[in-house]
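These notes open a run of structures that come right after.
Shared between the two complexes below is chain A, which has chain B as its partner in the first and chain C in the second.
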Partner chain A sequence: MTGVRTFLAWFVVAFCLATAGTAGAYHTQFVSQNCNWASPTPTSYITRDGSMTVALRARYEGYQWGGGCWNDNNNDDSPGDPPATGGTGGEGGDCSGFTFKVWRESLNENDAGFYQWGMLRFEHGPYLAQNFKGGAGAPNVIAPKSGLYQMDALASMGHVGMIYARNADGTDLIIEAKGEAYGTNIWTRTYRGDSSYGGVRRTGWSS
Partner chain B sequence: MVVAILGGCAGAEAESPALIDGSAGREAPVELEGVDAVTVLTAARVTDADAIEAGSPAETCLRGPFAGSNASGAIVTRVGVNTESVTFRESDRSLLGCDNSLGSREGNRRWCGSAYGMLYGGRLRDPRLSISCVTPEETLIGSAWVQPSSRAHYVVVHEPGFAEVYPVTGDLPVRVATAGGAKREGSRASFELSEHDAAGKLLRRYRLDAFVAG
Partner chain C sequence: MSEARLSHSKFVGIAGLVAGVVVGAVTVVLAGTAVAHRLAAAAPEPLLEATHLPPLLTAPDERVELRYDVYCTTAEQIESDAPCDATGSVFVRAAQVGPFTEIGLRDEGSASEGRFVTVVPSAVARSPSGFAYYAVIRSRANGKTVTLPGGGATAPQRSAPLLQSAVATLGEHGFGKTRTADRRVAEAAWGTGPGEVGLEDVGKNLSPIGGSAFDVGPDGDVYVLDEANRRVLRWGTESGSPAQVPLEINGTLADMSVAADGTAYVLETTGAARDTMLLRTFDANGVAKGTSELAERASQVRVGPSGPVVLQTTSGQWMSAATGGRALSPSAQKASGRSGRPLLGGREVVVYRSGNELRAALIGPGFFRKTWRVTSETPLAEVQLAEPLGNRLVVVVRTFTDQRDEFVVLVLGPRGVEKGFSLDSADWAETAPLSRFRLAGQSLYQLGSTPAGMFVDRIDLEVK
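Our next item is the complex of A and B:
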């Protein structure tokens, strides 16, 4: 009997320790220690090559649900954030926030102009993945998947990623903020052949 | 002068604001504990997915932002002070919603905002904030789903000058809105909320900080 009690006591202690990290109060210091609210710089143009460069700075960085701030040290500085929990202060964008910043979009959905956001500016932007899929916002339009170019995007109701390159077999290299366990990177994806994904284009590319 | 002001105050009774469809705002049917501001009850209508009327808000939501989606079960349409919304499930895996306001929007679309959320064990992990709608004065509106506690009969959003009361119905999360707590910078909104039982007793009061995400 004493053995059972001891086991239960240790079990309770172990359970509490194991679950302590998932409490609602989880918060990393990445955003508070690194990020800013600097205004974006309006630009007169946007190029696909330039946006690719912007996107590559986020490669190997983290993923943060509702986030929008990252550095360029090729490391997730806040691994293991709780999934689907906004405001936990971790590094990285999520899929739609990453697309918003790479596409140099405005916080005003009626504004199709170009705004260069700093990596460390904490900003997600107003669009959800499904908004991109629907071509919502003045800068964004639905585009046929067969005619998508580099840095156009493929979006579903719950995800959006930009085309880094097209593979010979019809798949694409997609640059995307994929999830907390994956971070932001380039992967081969079959979104183009997936009926739940549609094509979306940021308008106004110079080249 | 002082007497005149006092006299004016004593005789004044605040009226509930009107709803966006022009109908007169009605106060909550019960006294809500801890709610001092004038209340306005949102109009909530529940229809079945098998009985959607042509031209109804539910039908235009399904035809617009969620073309190709199939609603199942109850569809809840709400008309409030600043917004109108539709909420429905698609199977038991996802929750979909449309938001409307009297403000401007892109291309004169029927719905200025929409939201989609995955359900895990029947619950959302995130309130699926949308900040795509504005009032006629261009004040940003935040719309999000609240998952009230099982005893809650009313969800109240405490807005500047009034308290908007949402009846819990249709066994669906409640799509609430704030025109006072949404911000473009940071793409976020804060909702000051309380939940009450059928008699108006306060169950909990809390603040929901929501972020545009995913």
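Our next item is the complex of A and C:
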């Protein structure tokens, strides 16, 4: 009987040690198991409609603070990451990384060209939300909020989201990486009138 | 212990250790394979989506265009630079009955917004009872079709003419001249304790979110949805400390409306299953009474004539979520779609912000119609509230520049603005988008917040 107990005790200890990392690894290995570091593909032109399809591919995926890589299986593959921890390797962009890739920008802040990154390319880009709000980077300009439309952005010191559509009641549908509990999706927001938000436009669209 | 027994014990322990490692490793591999299979199995799907800003209220001299944005890709063409190759038609009719006429959509390739367009024939657009329409759009790239609004011919979008409107001009808004409240009827510090309202754990840098919705009962009781702590706080008219009612909710941004019998409808804005949003119903004690899956993404819930009504997009229509206590299926919700929010007595209220102009209408059975046009030199943002008060309409709209914002309260009567004043936006914490104001009796209530906590203020309108 003692032998069985000893066997079971060591079995449980070993099993727990062998699997202990797995739960955490599920949350932390998305990037290492799925993402790449390939060079972006320069493109000669982009359209607002075309960039919207890039954004829509990220919809229903996760959110990762400091992140910039997602797939298109309509599922957050790393749910429950600690919301205040960057670099945990989970799925999703954060708000500014998502905007950077959808707007197809360059890592060189003086380059206003267009670069297709691919959704599985892990890249956050050089801008935080507050940088977008300030119009930082050659492609980005501050724009009056009253004149913003599809694919323009509204940015505060801590968040940025892009306009998906306007609603009849004066609200906007915003496509955004909202937070760990929310993931990336489209929601009705009132950012346009909120004085903590400013208007930002990516320049150079073909249409 | 003898040497032999010690040796046997060591052997058993090592065997257990090895067995545990092996079984654990196999478990990890199997689990990893399952995850990998799940990741690999879900290939990108063909995409087709359309959006549209419906001209719900049109001026008599206006050229009425219907514009649509359309996005599509094939499964292989994951991230496309090319605009969607699509075709489509609008089906339109004057008045609210009769056959629809098909008009093709034109691809205006250079447009930055609303690339697919048609013009409503003036004879239809100027019909005294308005016009109704829906669109069917097909992607040539992937063969998918979308109907907008989702109810199609059964529940088309409706546009009403602004005939004999009361007109008002607000001029340039003077910021900083806000009215103070008549009474603070509820307040709480941020926190998780009794009588406190929680802030969501949003992580680094993000804006604070908390106290995401509220409502006022017929007896003046104030209900605040404390979503972060998964409860409702209820302030009575006399008591300073609120009662707490736990709710089984997601704990993220949600809208809420409370019926006269205390039934609370909570509109969740997050859900595990893709775009499926949920409307949860609780009795006055917080006991869950049911959950409705909504047809589309939704932003507002209000108590309608026969149950909860929800504003759903991309249809851009108010839809019944339940009638007589029974949840409606998504298709039944789409079939109930209306351009205005249904009110008691068969009336509905319609709001439409077009640039710096606010258009509003109370529309009732027969030819009952009261309409208003309010223009402003300062930009207008969202219409937070539009509620009838007798034969008047109380409207709260946000006005803004790139640096400032305030709410403007207007009491609209037969000849225009009967009363108007400004309120501080008081929006330190984010709430559900259109849940900052409620009208109860002759008082307006505002949900506000500061870094210290949230509050609800009462502003008496004193309309005679």
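As a convention for this text, the second predicted complex is superposed on the first by the 180 of 207 C-alpha atoms of A that agree within 3 Å, B and C clash if a C-alpha of one lies under 4 Å from a C-alpha of the other, contacts with A are read in each partner's own complex, and residues count from 1 in each chain.
One rule holds for everything that comes next: contacts are C-beta pairs under 8 Å (C-beta built on N, C-alpha and C of every residue); 3 or more make two chains touch, one makes a residue touch a chain.
Just so you know, these numbers come straight off a predicted model, no measurement behind them.
Once chain A of one complex is fitted onto chain A of the other, the partner contacts of A:65 extend to both chain B and chain C. Contact comparison for chain A: of chain B and chain C, C touches the greater number of residues. In the superposed pair of complexes, A:38 makes contact with neither chain B nor chain C. Contacts of A:158 after superposition: both chain B and chain C are touched.
When the shared chain is aligned, chain C comes close enough to touch A:50, but chain B does not. Shared-chain residue A:145: touches chain C; no touch with chain B.
Shared-chain residue A:84: touches chain B and chain C both. In the superposition on chain A, A:123 contacts chain B only, with no contact to chain C. Shared interface residues of chain A (contacting chain B in one complex, chain C in the other): 65, 83-84, 86, 95, 128-129, 157-159. Of all residues in chain B, only 65, 94, 104, 106, 114-116, 118, 125-126, 128, 130-132, 184-188, 209-214 touch chain A in the complex they form. Those residues of chain A that touch chain B in the complex are listed here as 37, 65-68, 83-87, 94-97, 107-110, 122-131, 134, 136-138, 157-159. Of all residues in chain C, only 8-9, 12-21, 23-25, 27-28, 31-32, 35-36, 38-39, 41-42, 44, 47, 49, 51-54, 56, 69-73, 78-84, 109-113, 115, 200-207, 250-253, 269-270, 274-275, 297, 299, 311, 313-314, 316, 351-353, 355-356, 358, 379-383, 397-405, 425, 427, 433-434 touch chain A in the complex they form. Listing the residues of chain A that touch chain C in their complex gives 2-3, 6-19, 22, 26, 33-34, 43, 45-50, 52-54, 56-57, 60, 65, 71-75, 77, 82-84, 86, 95, 116, 118-119, 128-129, 144-146, 149-150, 156-159, 164-171, 173, 179-183, 185-190, 192-196, 198-199, 205, 207.
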